[in-house]
Structure formats: C-alpha cells, structure tokens
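See the structures that follow.
In the two complexes that follow, chain A is the common piece, with chain B as its partner first and chain C second.
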Partner chain A sequence: MHEIRITIGHASFRICSAWPKVIEQLETYYAAYPKPQIVDFTVRLEAISLLRRYIRPSVMIDGDFMLPEAAPLPLEQALLGAEMGMNLQMALGWYRQLILHASSAEKDGRALIMTGESGSGKSTLSALLGNRGWRFMGDEFAFIDLDSGFAVPYPRLISLKNQAIAAMEQECPNARFGPLLKDTPKGDIRHMVPPIDAIRKMDHSAKPAMLLFPRFGFDAEIYDILPSEAFMRLTHASTNFVALGEVGFNTLTRFVCEVPAYGINYQSGDEAEDMINKLWDKL
Partner chain B sequence: MKKPIHHKDAWLLVDCLREPDRALRLNDDDWNALISMARAEVLIGTLAHRLKDKKLPKDIELNVKDALVKAEYKMRTAMWEVDCARRALASYDGPVVLMKGSAYGAMAIEASKGRSIGDLDIMVSEGGLKQVEELLIQAGWEWVKEDEYDDAYYRDHMHELPPLIHKDRDRMIDVHHTILPKTARPNPDAKAMLADAIQLEDGHYVFMPEDMICHCAAHMMADGDLAGGLRNLWDMHCLLTEFSTAAGDFWLRLKKRAEHHQLWDAVHLSARHANALYGTKIPTDWMLWTFFDDWIQKRLLARNSIGQQTRKFLRFGFYVRSHWLRMPPLMLAKHLFIKWKKGQKK
Partner chain C sequence: MIAEYKIRDAQSLKFQTLDYISLLYDRLSGITHVVTDPAPQIIQVLGQNYLSSKQVETILQRQFDMTADENDNSFEDIITARLDEFVELGLVEKKFTNMKSNENILAKKDISL
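Showing the complex of A and B:
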C-alpha cells in the first residue's frame, strides 16, 4: 500500500492504493497542495481481487465511509476514483459546515455561489471565471460556515465533463490537464489543476454575495428567484442539511435571506460571463 | 510516498475505547489509524463520546464533533422511527418489544451513547405476527424482497418476517417473533422474553436486563460471522457494566436465564471477550480461555491502520461457521445450492 496526503480547503485526505502509479499520478496533479500530517478522511483505491490487480486491473473505491454497491472503475480512471472517493467522504462525514453541491468563485472579497443540476454548467463557469479575473473557489462543493455564514472554498482538481473539456482547453491552453478519461460512468472526463492563486488561498473564506442557478443551452435570460424557492432548491443541493437539524435550518435560512438569487439561461461561456458581470455590478 | 500500514490489527481502537486517556499520547499516524479503524467498525460515534471532553489535537477535535453531530442525527431519526411504529401499532394488543439499538436509545442507557442505529428491530409474539404485518402495511411499509424463495425461507425458517421498508421514509423494519432462526440449535424461550419485558413510558417494551444481554450475545456469537463484532462487543460491555451494578446476585441470575434460553455458551463467550478487550468486570470463574477464543479475538481485531479488513481466510471460516450454526447441514446444502443457482441466472 502506498499513500499520499493532501489538503483541499479545510478538508484533508489520505489516499491509499496498492498501485504505486496511482499515487504517483495524484502526486503529479496535487503537487501544489499542502501535505498534512493528520487527515480528516482515508480513501482507498483497491484492486477488486488479487488477480484483478494485474489482469484487466479494476479499481474499487473504498474508504472510511463507503456505499455498499459502488461499481469498480478501470485502472486508467483512478483519478476519477479518487475524486469520487473524496466526494463520498465529504457527503457522509462532514458536518462542521453546511455542504452545498455548488461551485463558487470570489471577486473583491465576495463570493458567487452557483448551483444546479448536472449539465447546468456550474463547474465550467467557475473554471472559466477563475481564468477571467475571479478567484476559483471550487467546482463541486461550497461550504457555508455555521457561525459566520461565509463561503468556505474547496478548490480540488476541476473535473471537466464532455463539451466542457474542449472549451476549457481552448480557454486555458497553459493550464495543467490530466489524462482524457473516455466513457467513464459520468461521460468523458478530464481533470484540470486550478489556478495557483486558488490553491494558495484555499483557506480564505468569503462572504456570499450572490446565488446563481445557471442553465446551459437555453435562450439568454435573467430572472429573479425568491428566497423561498432558493431555500427549497438548496435543501436538495445539500448533503447534510437534514443531519445538521436546527443549525442547518438557521444557516440556510440566513443564507437565502441575505444573498440575492437569480436564474440565468445561456448558450455560451461568454454570454454567461456578461450576465454575471452585469448582475455583479448592480450589487 | 509512505507505506501506511503500521498497525496490523485493531488493538489501538480497542485500547482507546477502554482507556480514552491513552489517545492523548498518540502520534499523528496513530490518530489517522484510530479514526479510520473506528469509522470502519462503525464505532466512531462511540469513540467520539469517549473522547469529547479530552484535550485533543485541533483536527481531531473537529472530527470528533462531526461524529457527535452525525450520531445525534442518527439517534433522532431512529427514535422518530420508533414513534412511527408505535403509532402504526397502537391498536395491537400484545407487547411490542424494541430490540438492540432502538431499545438502548429509548432507555438512554450507556450503550446508546454515540451508537449508530440502522434498521428498527421489534419483537412480537408469533401469534401476533399477522396482525402486526397488516397494521404496518396499512401504515405505509412495503415488502423489500420480491423473491418467492426468499420470502418462503423467511416465513418457514427465520425468526423474523422478511424486511419491510417504509415507502416514504425509506426506513427498514425487522419484525421478529424470537431472537434466533428457528433452525438454529439454541432454542430461546421467546414467550418468557415477551412475558417479562418491561414497559417504557411511551408504551413500547424492552427486554428485561438479563434477556437484553442474552439477545446481544445470541446476535453476536450464535447468529453471525462476527462482522461488526467490536461494535456488538461494546454493546455487551456497556450492558454488563451498567446492569451488574443493580442487585447482588446479578451474575447468577444472568447465568440461570442464559441457561434457560440455551444461550449460556454465547453469553459466557461474549462476556469473556468483552473482559479481554474492553476490561469489562466479570466474575473470576467466568474467565476461562480456550484455543478457540484466540481465533475469535483475532477475528474481532481483523482491521488494519488504513481501515481495511485483514485475515481473509479466518473471516471466511467464521462466515461458514455462521451458516453452520444457523441451520442443519442438509438444509444448508440445499439453501446454498438454490442461492448458487440463482446467482448463475443473474
């Protein structure tokens, strides 16, 4: 067994694997991240059997918290396995902040939170803004501090899917990209190392200033979203809202009452960026 | 690239549960190992309760708090489910006995602190099964297993109905009429267990202390492959410690009751293993140790510092044993054959 320890935002992981090359790969892409001593979670990328460690090697995602019937991945997709393993630990073991399944970016010390279904473009938009003057805070989870109400970053490797891959390759030709993972259970995936300032400032929280519900592929439109609707939608986008009980309820209520929410429909990244800047300037 | 396996068994976890002050002297690697093992054995909530008032490293303190929040949430949900069952079964005349975690939670005894509770387990008289089943179905519970063989197997040979799941809350209930499969060799006196059960304020019943211990032991030693054994053994440790303070001749009463249920072997075995691992105070003449006890202890501790299970062959051995204990050989052969054939079809 080999291991690597990494810190992402406030969270830290120990990832163990029987394959040294899996750990080497993680070391390459997580090179700029701090390496902690004590970790919050352990993720294991194991062979489904001794035989399958060598022949048609297959990765089973395991760890402190796991789901009983998770499907194994081919070894080439180990980077995705690590990502899924880390997500699972956060979803099942993190209760110190309210978890929102959302991307986020910061400008002038204030945070923009974007949430929506898979395919809404929230990850891509956060990566795009991160290359256009904003600080990238995270493409998967945004955490809301239970006391201050601030958004806490989680700038892990950006997980680009399908069309977003080509779009970001063009947007950031000098960024570091992982191998192209074709036909994974989540479609084509390519990881991208976030901009260095996003990693350096991974523990800098920011006061949330705007909540967006982007939808990719519809005619351009901006519309208001009431706090009540934002609340209902975010309860579905949170993995620990129910478990946090009263504290979670108070945190989310405060969030939707203080932070204006909009829906935007868009056809391209440039179009979305214009709309976001227009809304941001009016704050 | 470090090689992270520096503990090959779970003694570290057991030691820290028994004497939480030991945790104060751990180095960083040991902390990582301790937390991983505790999560893998689903004892993290229990460990968090044992550690919560200690001076801990900052990173550990946050994880301890997370574990406490999660445990409280699980308990809240479990007690809500207990109340849902109470309302669904209000018109049932006989006693409804809460079992295991739900019982400990409803009584708020030591064993419940930080304990994870999964399904709701209840026991009613065999004669009352039909009515209880109907009432639960009226209240929104549904069958999980559609398979005819499994359904018939449960009804003919098991100590419980096939599991029911609530259609809105997605929570499982196991309705028992005794504490071991009908085909298992020990034959506990379920009638006496129901007759001597104690009523709680909310109307539910729990087993009297001796029966609660018998059930815990039966569940661990006579009906399973010892997966999750450290957790069950912690229950046993808490029950023995808390109930033995009651009256003078507790141990004698426990032994008599266990013999009556044909569960003395299981109770004795669990008690001496709780003593060996968690330091449970038991009578000196209960402290016998055989060759087989070494293997049980090795099986209980089969967990390394990154949370993996170890001792694959030993675990398989106990798995085979669990089936062996559960049913007579011919029936086991038939059962495994049918299960194998079904596996082939899939």
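Showing the complex of A and C:
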C-alpha cells in the first residue's frame, strides 16, 4: 500500500491506497499541508477485489471507521473517495470538539458559521468569501471548542458541486483545481485547493460571531432565526452532539444563546455576499 | 388512592430556556428533552417529595399564576398528562398513596387545598 499523511486543522490522517497514482494526486493537491508523524485516523482506498485492482479498477473506502454498505467508486473518483473517507472518520470518530456540518469563514478575528442542507450553497459561499477578504476556515465541518466555544478551522480541499464549479472557476481563475469528476454519487464534483492563507492559519480558531442558514435559489430575503430553531437545526447538523453528553449540551446551548442567527435566501453569490456584509456590519 | 409524583433524581436534570421552548438535559440518560409551558414549571415544582397533580396545580397557580388553557381543559388534567409523560420518559416517579401522607409537605409550602 502507498500512503500520504496530512494534517487538516486539528486532525491528521494517513491515507493509504493500492494505486500509487491516487497518492500522487493527493500529494499534488495537499502539497501545502503539514505532514504529521502520528495520525488520528487511517483511510484506506482499496480494490474491491484483486481482479478489480487492474480491470475496471473499483475503489472501496475503508478505514478506522467505515460503512459496510458504502458503494465502491471508479478509480477516476478516488479523490472523492479520499474526501468521503476523511469525512467519515471525522463524523464518527472525532470527539475533541462539537462537530457541526457547516462551512465557516473568518474576518477580523470573528467567525461566520454557515449551515444548511446539501445544495444550500454553504460550501460555495465559504469559498467565495475566502476569495473576497475573508479567511476560508472550512466547507464541510465547523468544530466548536468545548471549553472556549471558538470555531476551529478544518480547511480541507473545497468540494465544489454542480453549478458551483463554473462559478468558482470564474471567481478564482488562478486557484488550483482538481480533475472534474462527472456523475459521482454527489453529482459533478471538482475539488479546489483553499487559499494558502487558510492553510497556513489552519490552527487559528476564531470566536463565532454569526450563524447563517443560507438557501440558494429563492427570492432575496433576510430573516431572524430564534435560538430555539437554531438549536433544533444544529442538533441535526451535528454527528457527535449526543455522544458528547452534557458537555455537548453545554457547548451547543451556549453557542445558540451567544451567537445571533439569520436565514438568507439568495439567487447569486454576489447577492449573498451583500446580505452577509450587511448583517456583519450590524454586529 | 391518588397518584403522586416526584422527580426521579433532581441532580440529574439540567435546564436551559431558549425563547419559547425549554431544554431539559437528563444526565442519567444523556437525552435532551424539548419541552414547553407548563412542563418546565411542573419539573421545578416537583421535588424529592411526592406530590399529587392537584397539589402541583395549587403550587403552580400560586407561584406562576398559571391557569387552564383557552380550550378550557382542566389545568389539573393538563398537569396529570404532562406528569405521566415524564413518568414514561423516566424523569419522574409515580406511586399511589392516600391523601394524608402529604399534608405535612403542603403545610411546609404554606399551601391549603
């Protein structure tokens, strides 16, 4: 097996693969990330059988935590397999902070947390803001420190989906993009290397200042979200709220009580950015 | 014989009020219960001593100025329903007893029926 070790934020991974070109690909896109000696999790991208290592290669995602029923991916989508494998380790095995399925960005030392269902645009907005004066902190997970309540960055490769691919290619023509992965289980996907500033400051936490529930494709609107609604929605957006017990309860209730929450409906990235800046300026 | 209720373990419960709901975290089960009025007040009134729903009603009316809802359901019926739900959730214990056993508790709380 070939392997690469990567640190992303507070977490570190060993990704092993039966195919050297998968590791070479990961080395290319994760070149700027620290390489740890000791890792938290191992992800294995293995062939589903000896035959399928060579003929119509098919990747099975395995690791410290795995889903037995997960469908294998074609070798061309191994980068997505690595992403899914790392997501799985964090979602099922990370207990150092409260996990929120959310993106985040930082400005002036304060963090904006954005959460919502798939397609809400939270990943795209974090990438967009990361190119417009904010520090990109993460597009998939926001971690809330159990003591300080600060948001901990997790700036892995940005996973752009469907229409967001063209939008970000236009927004960041000089950014480094991965190969276009067509017709994956999540639609079309193209990875984007985060701005170097986001990677260099991956251990710089920030105090959460605003929680946003974006919804893409609706007429422009900004509305308040009550702490009770934010709490209910964030319990669904956290994979370890229950497992963390009382400390998870304390962390999440403090978060929703202290951090103002808003919903925004928007039709374009520019529109969303205007709304976010208006709300941010009022803080 | 009447039904009487008490908190299973008051030390195991933690409250957090968020605008129109209250969260009730049970340390014993690790479960967060989402409740609305009058459920939080019922839990606050109940202690380690058994009280009937009528006694809970009397205390609530005195301490929180609570009455029946607009559908004119009996307030005691509402309290009884919530208490029985708490019993099913394992937050409250229930027993059947005679009325006199709690007269001294009510006397301490300065409440007459």
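Note that in this section the second predicted complex is superposed on the first by the 283 of 283 C-alpha atoms of A that agree within 3 Å, B and C clash if a C-alpha of one lies under 4 Å from a C-alpha of the other, contacts with A are read in each partner's own complex, and residues count from 1 in each chain.
One rule holds for everything that comes next: a contact is a pair of C-beta atoms (placed from the backbone, for glycine too) under 8 Å apart; a residue touches a chain by one contact, two chains touch by 3 or more.
None of the values given here were measured: they were computed from a predicted structure.
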Partner chain in contact with A:G245 - chain B first, chain C second, else both or neither: both
Chain B versus chain C as contact partner of A:E24, first or second or both or neither: first
Contacts of A:F231 with chain B and chain C, given as first, second, both or neither: second
First (chain B), second (chain C), both or neither touched by A:V256: second
In the superposition, chain B vs chain C on chain A residues touched: B
Contacts of A:Q37 with chain B and chain C, given as first, second, both or neither: first
Overlap of chain C and chain B interfaces on chain A (superposed complexes): 242, 245
Chain A to chain C touching residues, read off their complex: 226-228, 231-232, 235, 242, 245-246, 249, 253, 256-257
Touching residues on chain C, where the partner in the complex is chain A: 14, 16, 18-21, 23, 25, 27, 30, 32, 34
List of chain A residues in touch with chain B within their complex: 1-4, 12, 14, 16, 20, 23-24, 27, 36-40, 42, 44, 46, 62-65, 93-96, 242-245
Chain B - residues contacting chain A, complex: 1-5, 28, 31-32, 35-36, 39-40, 57, 59-60, 62-63, 65-66, 69-70, 72-73, 76, 306-308
